[in-house]
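In structure tokens below, several structures.
Presented sequentially are two complexes of subunit A, the first with subunit B as partner and the second with subunit C.
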Partner chain A sequence: MSDKYIDLISSGAGKNIAKRLGLPQPARLRRYLPGAPVIDGPVLVTGPASDAGDAVRTTLLDWRLDVRRHAAPGEKLGAIVVDFTSVAHPADLTETSITVGGALRDLKSGGRIVVLTRPSCAGDDAPVAAARQGVDGWLRSLAHEMRGGSTANGIAISGDVPASAPSVSGALRFLLSGRSAFVDGQFIHVTSNAGSLPEDWELPLAGRVAVVTGAARGIGAEVARVLARDGASLVVVDVPAAGEALSKVANTVGGTALQLDITSEDAGQRIIDHAVARHGGIDIVVHNAGITRDRLLANMAEDRFASVVAVNVAAPLTINEALLASDKFTNAPRIVGLASTSGIAGNRGQTNYATSKAGVIGMVRATAPRMESVGGTANAVAPGFIDTEMTARMPFATREVARRLNSLQQAGLPVDVAETIAFLSSPQAGGVRGDVIRVCGQNLVGA
Partner chain B sequence: MSTRRAAILGGNRIPFSRAGKQYADASNQDMLLAALDGLVARFGLQGERIGEVAAGAVLKHSRDFNLTRETVLGSALSHDTPAFDLQQACATGLETVSILADKIKLGQIDSGIAGGVDSASDAPIAVSEGLRKVLLQLSRAKSLRARAAVLAKLRPGFFAPSAPDTGEPRTGLSMGEHQALTTAQWGVSRAEQDEIALASHRGMAKAWDSGFFDDLVTAYRGLSKDNNLRPDSTIEKLAALQPVFGKSLSTPATMTAGNSTPLTDGASTVLLGSEDWARQHELPVLAYLVDAEAAAVDFVHGKDGLLMAPAYAVPRLLARNGLTFDDFDFFELHEAFASTVLTTLRAWEDPKFCTERLGLDGPLGSIDRDKLNVHGSSLAAGHPFAATGGRITASLAKMLSTKGSGRGLISICAAGGQGVAAIVEAA
Partner chain C sequence: MSTSTVELTSTPSLPAIYASAAKDAGRRRFSRTSSGVTGALPDTRYRLRAITASAERLTAYQHLVGEPAADRLPACFVHVLSFPVAMSLMAASDFPLPLMGMVHLDNRIDQFAPIVLGEAIDIDCRANHLRAHHRGTQVDVTATARVGGTVRWHSRSTYLAKGVFLDDDDRQTVPRPEFEPPTPTGLWALPGDIGRRYARVSGDYNPIHLSSAGAKLLGFRRAIAHGMYLAARAVAASDVRHWDAMTQQVSFGSPAIVPGRVAFAAQPNERGEEAGAEESRARVDYVGWNAKSGRKHFSGSIIHN
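The block that comes next holds the complex of A and B.
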């Protein structure tokens, strides 16, 4: 579904009117295209001197990017990487903040700010913890100030993990690229040195077998497409009633269609058997299938609550147990669950849905440690307002307001969710475990 | 010349629909494409060059020229896949399976997709012979005057369309009336027929509920289940129906809409391959197509009933393979009518028929009813003529694969006094 408002204000009279009336002026987002450079334009790397800064400069130079220590006045920048990993006192943030502020005007549209930081811990000295936590507020506020489809995100690197860790590079590349178009004001937490860099950044999932549930339409179909584009072999799963659409998806991505009700007791084993028999393995499982049965709790019938919980979180839990028990799911496997900003912030009329989606966050947090021994990860993606068949059914005014309530003043597309899932499914995300990445354009609701 | 085994690797069909319902606007090509693309999706055959695709339709438009090849061109298969059409009335689907299996056995092809489709809703309607002649003359007329002269020959009666019917060209009798004669000849009762119908609906409803069709059927045009199926059918409901065939006979009419198959739309496909091809494509073998036999009877002079040919095909097939009914775990006898199954069973149990007509030493034998059409058959699923063989073959192969051993026998009767039977063996 196209955003008519963006079409209207993108040029000519519409643009002028929107400007004069002070109406939202959402930009067309820069999205990933295979073969395109990671980012167009020089990258300024700034911040108090640290090993991390040097490691990042080396990484960026390896990607043949134009790296600057100081911005040349008036020169347009593609991105600014801010290294706050060595800050020891909140006062250490001032100088760099002013430098970044001065360079903001030179950031191209679709530009990126990526801040590297260390998460504050209870064991830190108080000034260190204050500085580190300060970065959190710094980044989230700065993200609200970004214009022209630019975004600001962070990579929170746990204490003993070096900035040269595969997942720091992976997260950095993801955040700089158009893959993260609708990710804004978020931190990706790198908690280990695990993971590996892909041989080919264009095909990071080459040789991997991915299963996507609920793949017949919407976000699921797009996830299948993006994972296939990144090189994965696909098993697309949906209920038999969605078979016609599912077979079209399978034929588009060159995968196999598996008609299955994920709430059936043996769903996990059937998925494993199919993937192993037909594709020689199973490496990635995306729990995308989900339903809504919205109703105020006061009016909620038992089956409406139960069915949403059963499909959205109970079925993934059962499937995960089958996966964890299988000796086929042991080669740096990846599980990605679909949470929702509703599961983080709550939403009126969605107690059942929010329960299930918050449940997904708990599920991946508890599942991730159990996969560490085989280099595996479990993470979740929490979409905000995404243009899908589901949201297209919302009343016009409600939808229009919901679309503008984020820093990018527009709805995300299924591909934005899919790109983040593809990142979390990749070998370079091996150090990101039990995390939740919001794909919401920094929606005003949610953490 | 050495031969190899022909494996049945799976199948895909669209849910069968009563005529005039969900698929009323779907053409043969639309439905065959849906069944084929669903098969491609299930088995990941996108861009694959298949040895040969064979399919057909019984009710065929002139626009369905090269139907199967055109369907392949519209599908996700490689465009380098050859295809041909075949037509043997209701035996079309099973005959395509048999022919492609033979090609695989002989090493001519490594893989094949057999299939069939029929739309009773979108049936071709021919114009009257008078109108057709006028239209042809008109196309040849060069001048305005000549055209006017041709048009002057038009008569109102020419505009009545010549709709297709299921009548046999040589007798003018419909298939139902033919079977009514046979039913009466063999003294098959109404109650027996209704029992067969009920068992078909119950068996198929159970199969749907258990998820048996999850990897055999792909939803199409909003239909995700055969809509002819009556899970809540009862003997009482069936007994209440008025007879529709055999009403002019001296014996009581027993054939109703409940124990006869309705006109149906649908399509089915079956994936076949050599064992090597299956291995290369990481496709488990469900079963093997062992052998097949066709037969025909002289129904024109009333020597046999129109739909009795399978009674001849099966004993010849069994003899050639050195098998008896005891060697089979499943029997898939297509129910054009419940009484077709019953008259056939009765014939095989009848010493006189078996010795005099089949040339056997004694009765061929009885079939254990618990092994007959276990997951339902045409009475419940519906019967899009050319699609029935594919439906049965794929279902039977899966049943044998699930059981892990054994054999199944397929028998399908067809218009023109023909019938085809086949033996399927578990992998």
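The block that comes next holds the complex of A and C.
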């Protein structure tokens, strides 16, 4: 679906009117194109000296990017990488903040700010913890100030994990690229040195077999397409009633279709059997299938609550048990659950949906440690307002307001959710475990 | 002359056809070479309705030829499905050429729209264009695959009966064109059992592909790789499985002995600009040759329609 408002204000009279009336002026987001450079323009790496900064410079140079230690006045920048990993006191943040602030006006549209930080924890000295937690507020506020489709995100690197860890490189590349177009004001937590860099950054999922549930349409179909584009072999799953649409998706992505009700008890085993019989293995499972049955809790019938919980979180839980028990799901496997910003912030009339989506967050947090011994991960993606068939049915005014309520002043596209899922499914995300990445344009509320 | 139709009620057994053809081979070959053949082909259509492939067989085929598992049937796999119908036609008593020892010279497949696993396919086969070749007589066998009455796929195979000459034949020798091997993009190791493995997934138990003994009976030194296996691998290596409509053409040169090594080169061409936006089509040309001697085994093209 096209955003008519962006079309209107992108040129000519519409642009002038929007400016004069002080209306939102959303930019066209820079999205990933295979073969395009990671980012267009030089990358300024700044912050108090640290090993992490040096490691990141090496990584960026390996990707043939133009790396700067100091911004040349007036030179347009593609991205600013801010290294706060060595800060020991909140006062250490000031000088770099002023440097970044000065460079902001030179950032190109579609530019990126990526902050490297260490998450504060209870064992830190108080000034260190204060500085590290300070970075959190710093980044989230700066993200609100970004213009022209630019975003600001962070990589929170745990404890002793070196900045040269595969997942730090993976997260950095993801956040710099157009894959993260609708991810804003977020931290990706790298908690271990696990994972591996892909042989080919254009095909990070080559040789991997991925299963996507609810793939007949919407976000699921787009997830299948993006995983296939990144090199994976696809099993697309949906209910028999969606068989024809599912078959089309299978055809488009060159994969196989599996008609299946995921709430059936043997769903997990049937998924494994199909993937192994047809593709020789199973490596990635994306729990995308989901339903909504919105109603105020005061008016909620039992079956409306129960069915949403059954499809959105109980079925993935049961399927995961089959996966974890299988000796076929042991080659650095990946589970990605679909949460929602509703599950984080709550939403009126969605107690059932928010319960199930918050449940997904709990599910991946508890599942990830059980997969560590085989190099596996479980993570979740929490979309905000995404233009789909589902949101197209919302009343016009509600939809228009909901679309603008984020830092990027527009709805995300299914491909934005799919790109983040593809990142979490990749070998380079092996050190990201039990995390939730919001794909919401820094939404102010749950949607 | 009106066309008659033979309706097959089940997929014919290829091993049975080969066995009976082998029994007849000596006699038929002898009678044909001594007397020659007339230019007449029976105007008969062979038809088999509602063929469906199993997921197991499709998957085994895809893995053998190097395709990833997918519900879309590779165009060469549809040829495999249609082959028993074509064989019934060629093994019939009114077919003028001997089945055993026939050589596949050329194949062209037009895929108008993909066929998906689970769809019921109706196959029609006919023979036409019996004509002279400098080493014998050649004939075209066409197969049409319909789903729900719509033609999705069409194939034309040209076969040569070596040493069988038409009555009115004026033989000419044609010099083999020079072949300069390009830089290979792949090297295929063909194991000794590849013919038997392909026979298991294709159902085509032609003795010349199975063993040296079988091949010697029919005048070959050793077992040779199946042409449609090589073609299917070439298509898989050309990575065109997302193309909905395409034309695949392959010509077979010297046979590839197994075990052996085939050097392979695929050259993708984007023809967008020169052909104009309306006509923008992509195309892959490929060639396979003996890695040691440099003799060409096959060459072909795949054109996105």
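Note that the second predicted complex is superposed on the first by the 445 of 447 C-alpha atoms of A that agree within 3 Å, B and C clash if a C-alpha of one lies under 4 Å from a C-alpha of the other, contacts with A are read in each partner's own complex, and residues count from 1 in each chain.
The definition used in the following text is that a contact is a pair of C-beta atoms (placed from the backbone, for glycine too) under 8 Å apart; a residue touches a chain by one contact, two chains touch by 3 or more.
Worth saying up front: this structure is predicted, and the values here are computed from it rather than measured.
If you put the two complexes together on subunit A, you find that subunit B and subunit C bump into each other.
In the superposition on chain A, A:Ala242 makes contact with subunit B only, not with subunit C. Touch criterion met: A:Gly254 reaches subunit B and subunit C at once. Touch criterion not met for A:Gly35: it reaches neither subunit B nor subunit C.
Once the two complexes are overlaid on the shared chain, A:His279 sits against subunit B and subunit C alike. When the two complexes are overlaid on their common chain A, residue A:Gly123 makes contact with neither subunit B nor subunit C. Set side by side, subunit B and subunit C differ in how many residues of subunit A they touch, and the one touching more is B. In the superposition on chain A, A:Gly74 makes contact with neither subunit B nor subunit C. Note on the chain A alignment: of 146-154, 200-208, 272-280 or 398-406, the part of subunit B that runs into subunit C is 272-280. Within subunit A, the residues touching subunit B in one complex and subunit C in the other are 247, 250-251, 254-257, 277-280. On the subunit C side of its complex with subunit A, the touching residues are 55-56, 59, 63, 68-72, 114, 116-117, 241-242. Every residue of subunit A that touches subunit B in the complex is listed here, in rising order: 240-244, 246-251, 254-261, 264, 277-280.
The part of subunit A that touches subunit C in the complex is made up of residues 233, 247, 250-252, 254-257, 277-280. Remark: subunit B residues 34, 37-38, 40-44, 46-47, 76, 211, 213-215, 217-221, 224, 282-284 touch subunit A in the complex.
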